[in-house]
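Each of the next two complexes has chain A plus one other chain: chain B in the first, chain C in the second.
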Partner chain A sequence: MQDIAASMPMTQVAPRDRSRLIVPVLLFATLALAPLLGLVGPDRYVLALFTRCVIFAIAALGLDLALGSGGLVSFDHAAFIGIGAYAAGILTASGIDDAFLLLFAALATSGFFALATGAISLKTRGVHFIMITLAFGQMAYFVANSLKAYGGDDGLTLANRSTIFGRDLLADHRVFFYVSLAMLLAVYLFARAVVRSRFGRVLRGAKENETRIAAIGFDPYPFRLVAFVISGMIAGLAGFLLAEQSEFVSPAFMTWQRSGDLIIMVMLGGMASLDGAILGALFVVLTEELLSGFTEHWRVIFGPFLVLVVLFARGGLLGLLTGRRHG
Partner chain B sequence: MADDLLRLEHVSKSFGALRVTDAVSLDIPKGELHALIGPNGAGKTSLIHQISGWIACDSGRIVFDGEEVTGLKMHARARRGLVRSFQITSILPRFTALENVALAVQSRSGSSLRFFGDASREPKLNGEAMQALRHVGLAEQAHRIAGTLSYGEKRGLELALALALEPKLLLLDEPMAGVGAGDGEALVGVLRDLKAHCTILLIEHDMQAVFALADRISVLVNGAIMVTGKPDNVRADAQVRAAYLGEAA
Partner chain C sequence: MSTALLAVQTLNGLQLGVLLFLIAAGLTLVFGVMDFINLAHGAQYMLGAYFAVTAYGATQNFLLAIILALVGALAAGLALEVAIFRHLYGRDHLDQVLATFGVILFLNEAVRMIYGSTSLAMPMPEVLSGSIRLMPGLLYPVYRLVVIGAGIGVGLLLHVLVNHTRIGMLVRAGASNAPMVSALGVNIGRLFMIIFGIGAMLAGFAGAMVAPIFAVEPNMGDNLLILAFVVIVIGGIGSVRGAFIAALLVGLVDTLGRSFASDILRHMLSSSAANQAGPALASTLIYVLMAAVLFFKPAGLFPARA
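Coming up: the complex of A and B.
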């Protein structure tokens, strides 16, 4: 980098680095081809597993906006997933099953909850922020537990997947997988644009040095709040898909451990890189599936591995693969 | 006084029993380079913190450009043209030097609530940022990651960040602290240039630089202003010699 800069000091823009496209292209190509595994294995199992990967990749991307770019360690994100899922579940139970309406409801409710909780949580920083988001997350969890009309702690089974213009296209597992993948791609492109935009630059700057950002005239609060809401809505989208895929919602979607899992995905993959969030989600979901086949104590193996990655690979798995470190 | 860009009225601040700012009143007219000197621990940096809004004063009023800013936070004062630099370098270490300054330019040009379009490719932001970097002699280092710059270069970047905001009043907290003699002379040159463009309140320990640059000097001792006057008068003041210059020489 330095050599390039020195040889062309008067150009105002560093050259675009095409090699950075390799990882996302490989990731999406792998995912798009993953259902082929169904040819040699149990088809529905493979599709369900990779759909789960894609859905958690969406949630991890959402969290990466808040955590990686904004420096916000949120334990609220499982609640956003759960709220998106319950919005879909409750509407379906009331006989509304139009996919666009359900999606809109999931985004609106999770976005509103993120706005309300973020507006308060973001008045604090550090450990206090973590504790307050955790408290809000637990609140949502207990509210879901007490929804007697919608199954309480047993959860709620959806009668059917949602329909698109009255047709049950999403009932096909293969179609549902590719719809989810298309949403992941859309979220990824959107998140990339946001991170590089004027907005994203202020957000990243405030994570690096809040004092400097204030000294050049920016109040970090509104930037963090908007990022938190966008992040929450993306998690809400993941919740909607999760409810649709499993045709079931339950308070278990909202446990604080789930928020912890999302943080692990982002940190393991490589913070603030977006590619890393997808990679981390794939790795965690697949490893969990693989290891839990051997032993129910799979976390005993996974835990030390996580410690090693965090200690020795500061750029996460993505950093290990590419030799780069991200913000 | 309509000509005063900055007016402090009995500004006071205590940390517990320690009175760091003791009823400081000061007028700085437009165009002046005003130096603030005093022994270590006199409360110079604390005063800058209060003027810039990084910490709130306990009592008193701060009026900037005809508007009371006492209750405003740092970012709001920066937007009004009351801009500071830091004694301990404060930059965005993982951004390039150019991105650091471009973000400052962004702060005064258009909305930052834009979610699309690559900010690092906006020619207007980069062009003006480049100009500020050139001003402090850092154009060649524009694409380097700011954290990898040398100490002197970081001091220059700190100054470029302030310049890029096109301040009305620049609060400079020891811009030459720890900078070698050669870079120090270059910085004096930059400050001399700057005098033509904006009003400056300068804290500096390098007395040669202070007496060469300042229009007026205030001496701060134990949080209170002991004397304010032209450089020659301050130099001649017996109290000041006893309190400060005598020690330094």
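Coming up: the complex of A and C.
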């Protein structure tokens, strides 16, 4: 049965034109040059801010795979970030600080949690799915709170950044920024490949019309589950980087509001466009920084802004910029 | 693990249960009838508590404060419905999530701006501030018993409203098939507004009732909201009866789990391991319960839609 999809003409989903390359190239070039701002401003502050942008862009890309392509409104992703971060934090506290080992542990644990919770929550759709992912995310949050050996609700300070082949290359803030950026690029290229593969087409097909996809012989469940696990592991990667960057992990990484922030990033950028997820993450992190410098009550402005975007601008930022509607 | 302790924790569990029921009842009707996910419901509970504190400060009268809080919660709920929510009923769940999330950000921060981040307290009325001796060695605060009683009372009232009135009939019909109700000539927009108003009042009532025993602070509704979701998932979307039973179940399992998990584990593990694992296990219990219910009954215990 599945041969039918394999033989579907490729032209329908192939990239429409070269102009679509402009946005990602500009985005990555801007990010790569961002540390130059450090020449005119406080160097470490600029680097830390843009490293944060890059890390959240990775998490938002991960979520975009589940949310944009799969239509899964997941509130689990803060938990995946937190689990990746705690994997790195707990291993560091136990004296293991090899970057590859920590990364592997972060991916394995977040992937496992995504598999376990996804297997249950993907049995449901719609409002049910949202509520169940909220619940599982909250469970991870409370478990992290109760880990008294690892700081409980105070969190856990990492003694040092991890090492690569025993050398502390990542301790340099500039190196760390470019390593994070390289990871973002790798994740972006990977996500693009996934979205354009046969797998990605089935996923989007199931989002647009589940009955039709079922009628041509696909069971959407395994596709969604794999997408959810990949998406969770990417968020876990972001968590690992976040723990390394701040040299600190805490349950506050996993609050459900943090998952809401990620959804805002993806939605503001424009769903299922990948470029949009990066743009949205940049926008949210920088706006938060800008507004919070202006007033500590910046949420009073950001909340109504969000409501207005939902009510009036449905294509997200990328849609406003390019005049296209996504998702 | 003495009987007195067990009894106290059971009562505490019941108290959490009725509180969750008050929050979940409105939420489950809004889900069931409008297919609308309202994340701001927890913020409406918070508003109820702040209204009560403010009204008490102005009037120094407990009963009046509760009534004013109810009126305030209803007004705030209807204002939100008219200004924002009614434009979202037909929309994607994602849009609903984002817009209501924006409302939470705004309400929490607005309250923080006006009242500050420090938690407020509301004094409880003199007559209810004592403790009562329920059995030898067991003193229990009267006010907490009143909260349990009031919650059960509201539950019964809601039961009568939903099962024995014309509005209730429309609500039940709406929960099982809203487009059909609309097609039969019922003003569905007005029905939605009534349901939303009832939900807002129930959440506000819950907030007002707990103002004397909980810390009244800006984010107080956020975590309770997720527990209310667990209740709705277990009870079945759209079912008030399901919400009631599931709320008591979740309240009891959570409270008793937190008090006794370490003790029970101590029979199986070493004392220090039990102290480490107990709290972690206790905090997952209700979610495991939810997963188990979903596994056997994916639509919850009492689904409103057949």
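The criterion applied here is as follows: the second predicted complex is superposed on the first by the 311 of 327 C-alpha atoms of A that agree within 3 Å, B and C clash if a C-alpha of one lies under 4 Å from a C-alpha of the other, contacts with A are read in each partner's own complex, and residues count from 1 in each chain.
Methods note: a residue touches a chain if its C-beta (ideal position, glycine included) is under 8 Å from a C-beta of that chain, and two chains touch if they have at least 3 such contacts.
Bear in mind that the values here come from a model prediction, so they are computed numbers and not experimental data.
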{"item": "Touched partner set for A:120, first chain B, second chain C, both or neither", "value": "second"}
{"item": "Which superposed partner A:226 touches (first chain B, second chain C, both, neither)", "value": "first"}
{"item": "First (chain B), second (chain C), both or neither touched by A:214", "value": "first"}
{"item": "Touched partner set for A:194, first chain B, second chain C, both or neither", "value": "first"}
{"item": "Chain A residues within the chain C interface of the complex", "value": "67, 73, 120, 123-124, 126-128, 130-132, 134-136, 138-139, 142-143, 145-149, 256-257, 260, 263-264, 267, 271, 297-300, 302-307, 309-311, 314"}
{"item": "Chain A contact footprint on chain B (complex, rising order)", "value": "52, 54, 73-76, 78-79, 83-84, 86, 90-96, 98-99, 103-104, 106-108, 110-123, 126-127, 130, 139-145, 148, 161, 164-165"}
{"item": "In the complex, chain C residues that touch chain A", "value": "31, 35, 37, 39, 84, 87-88, 93-95, 97-99, 101-110, 112-113, 222-223, 226, 229-230, 232-233, 237, 276, 279-280, 282-284, 287, 290-291, 294-295, 298"}
{"item": "Residues on chain A engaged by chain B in the complex (per definition of touch)", "value": "1-2, 4-6, 9-10, 12-14, 193-194, 196-202, 204-205, 208-209, 211-219, 222-223, 226, 327"}
